[in-house]
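Paired with chain B in one complex and with chain C in the other, chain A is shared by the two complexes that follow.
Let's turn to the complex of A and B:
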């Protein structure tokens, strides 16, 4: 009674990324509000930054086009994390409370790989919204293009590593559930910290010097401020090597930490309610 | 150890549960220096289930059944003891173990709420790396008894409990595992669906030769499916043997209700004890072997003897139901 397994065992599990897409796109009650919020946020952000620059041509080293583009891209970046799993009972704390986390350990995929696949689905779905928003904003001239192709490439490279850092930060918050069952306070704290300290609320160049220096010791800046600053030309392309090194260091440190957390979590998993 | 065998030796699980201290000060102390109290959920359990056998694991709520099954599935790591399923240590090699087992936790679904049942099963197909032809064949076989096609294009969140559990059973057996763990699979179901699930399980054990470990509170299910039961109470195994043998442990036996023309002055039937009388209606139970003549009487022999010794007009033999037996067995075990 042995099942026949396909020799192509690596790719099929990754098809599970479609869970997010199916769950989101088959329910207008999910994507209509998301679209409405995105359009509203983009419009308000554009008006706000245009108004702020009404009487100045440059501030914090950014002109109106750079500042507006940075802020709008910040809004679009937040779309990467826009999937709310709690609406379909699939958030980590819900899995812990329901006890359905048990199934993560009875399937032929390590829990951490399953988590990665699902998160890639979430980030991919959110990224598609971000890309759509970017294309529309570029088409109507709300977001300026990068000053050079090199700057655009540098921004893309650092965005990729920024997303890796974002993934690890989210994983750490989710893994807390193995110890505390619920993580909603931590989620809120990390969401606030990551939005504020990454530059999603406002470009970090407008914050005081001490704030920027302190922020440099945290991973959040690398997720958003670095790629956007390269995109708008606030950071020169020559800074790419340094920025990539910083991001790579954060990726490595967070990867080691989450690997250790997964090991501990898998060893101590407890299923609530018998 | 051959494929399809479950073995546990000295299996023990101790949880360390934080003891909450009262008041705000207590809460602060708990935060800084939590006090962890050991709670023994499973205590030194030895168990072996052979290939193609169905074992029912019984016990009251909180007895340790689910913890045992989760250790056998590889979800929980035992505190001590040895466990092997299909020759694999489940918690040490969860991935290899997962290919050899199927699991259903009755109150928990592994389907994704916003996906249709079919889409959920396809995700699992991909996860197990099954060929399309194998998948279709398996689904056809499962569908034959569980009749999934009526509702497999509905979203899981819209399924009834019975429909949902049938899909979960399909999910657990999709990859054709030799060993299946079922933790209260029929909880909350109506009798029709329960019977359908029982038929499915019978088929899986008798025809497919799967090894099944089942926990349930439904004694009808045990009576119809399991020839062997294991009783767990307070984390300890208090009985492991034939379902029929439970009666010996419990000391619960059959009773004969006899109606007589006239009640004799002295009622003395060898091998039987008078346990009740209500006018001309008398109740007898077999004497234990030590007190009676020779072996314990069977109901058939008792009827003969009652007719021989008493002016009988009517006899009814009442066998105790399994629920009474298990209840009494727990009392005896404690």
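Let's turn to the complex of A and C:
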């Protein structure tokens, strides 16, 4: 199904980004746990890394300030993916099981555009939490600033592309529902892979060389490790060009793959319940 | 009430019958999960891999650093292993409690109220917790690995204490989940509330409490008693009970805390159930 182009229809659909914000902020039982979880995760991470460095000044090329900042920024990065759609019955597998996925194909815009708009809302809402956490952590000195303005800019540029890769990875998981109906395990798999292989559990610099080399062939490292390593100064700014090229290559490959998946998915929509 | 042989036999028959039904329902649930083959295999693998990631994280850090909070790397691994064993057992039994908010929203609990089986048990039998199998397997592997690093002189008493600690930890997590699910009787509750408690336990339960400031130690021992799941039992097994900051007798009694809290949580749960109002009015 193709949407008829009309300027009147271009902007209004993007207002759907607000759905996430409205859904999340209307109930304290949604944002209060998120706030407390963020605070406790940040506190634990700070205590943990300070305790680990109690008898060591440098490890894996990172000093205590760099390692703590990296780990705290890793916690903040995870906020981008913190929106819980399943509580609203709005997760992809629920839409498939309820049959409400049908509405995606009756709206005056393509399903993949609708998906993009909603995901932008999710990432924007999660990003607001991350930004809030960053400002507070910087204010209390828990996270150190980047060594130079150039490093900060490089980190921001790679973060932007890292989020694009994150979007495509999530889209692939969600699109799997068109074939498997249930994708709980796939969601877990991507969560695990993206957390472990991106450096969210622990900075990748602490992992053995073989692990880092193998990880270099996957897209996850580009989402988190690259921007954070540039931010803390573990990667020099001179490496920015190479890193951007790698990220751009992953973005292009994943974009082509998801485009192909969308085409296949749209051709085989199954509405359960008849 | 006078207990006679006849009432005892009647009660025992009812108890065994209840278990038979529970096992048959679990078998049916298992077959239902196996119907989605891709999801079945992935769920098993992911349960295993997810907990293995904890092992990777801890071992990576402990090979880079000499220890944590005055504990050796072997001691820290023992804490992680006990917590994961307790968590694996907990997932196998109590995982469906996460579905209570969903059952409330759908009004499915109404049907449970008229069936000849306790409501709480019906919820526990809602689905087969496949990921729990992977969790339990990875916990056993991690524990075997921890044993090679911790160098303890095991005695039968210590082994019994360990088993009691794992069961106690399982019930403690179950008590928290049972208590949290009560909120769903009163208001719409997102999964995030459950996940918050789950992550609190997963986040703070894996490390020696000596790395936390005093206020956090007090909260994690007296308010949300995560210390009793793995930290205190590990301290007892490694001979560090005196340096935990809690009375030594309490550290030794930590396996009993979980079952006691669970009994209280179950009581509170059934009290809350009497106030349940269907979403249909």
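In this section, the second predicted complex is superposed on the first by the 266 of 274 C-alpha atoms of A that agree within 3 Å, B and C clash if a C-alpha of one lies under 4 Å from a C-alpha of the other, contacts with A are read in each partner's own complex, and residues count from 1 in each chain.
Please note the rule applied: a contact is a pair of C-beta atoms (placed from the backbone, for glycine too) under 8 Å apart; a residue touches a chain by one contact, two chains touch by 3 or more.
Just so we're clear, the structure is a prediction, and the values are computed from it rather than from any experiment.
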Three-chain arrangement built on chain A, chain B and chain C clash or fit: fit
Which of chain B and chain C A:98 touches, first, second, both or neither: first
Chain B versus chain C as contact partner of A:213, first or second or both or neither: neither
Which superposed partner A:15 touches (first chain B, second chain C, both, neither): first
Chain B versus chain C as contact partner of A:267, first or second or both or neither: first
First (chain B), second (chain C), both or neither touched by A:29: second
Contacts of A:51 with chain B and chain C, given as first, second, both or neither: second
Minimal inter-chain CA distance - chain C and chain B, angstrom: 6
Interface residues of chain A shared between complexes with chain B and chain C: 27, 89
Residue ranges of chain B in contact with chain A within the complex: 3-4, 15, 61-62, 65-67, 70, 73-77, 94-96, 98-99, 101-103, 105, 107-110, 112-115, 119, 123-131, 134, 157, 175-178, 208-210
Chain C partner contacts - residues on chain A that touch it in the complex: 27, 29-30, 33-34, 36-37, 40-41, 43-44, 47-48, 50-53, 55-56, 59-60, 84, 86-87, 89, 180-186, 188-189, 192, 195-196, 201-202, 206-208
Residues of chain C that touch chain A when the two form their complex: 36, 38-39, 42-43, 45-46, 49-50, 53, 56-57, 60-61, 64-69, 101, 105, 131, 183, 187-193, 195-196, 199-200, 203-204, 207, 210-213, 216
Chain B-touching residues of chain A, taken from the complex the two chains share: 1-6, 8-9, 12-13, 15-16, 18-19, 22-23, 26-27, 88-90, 98-100, 102-103, 105-110, 266-271, 273-274
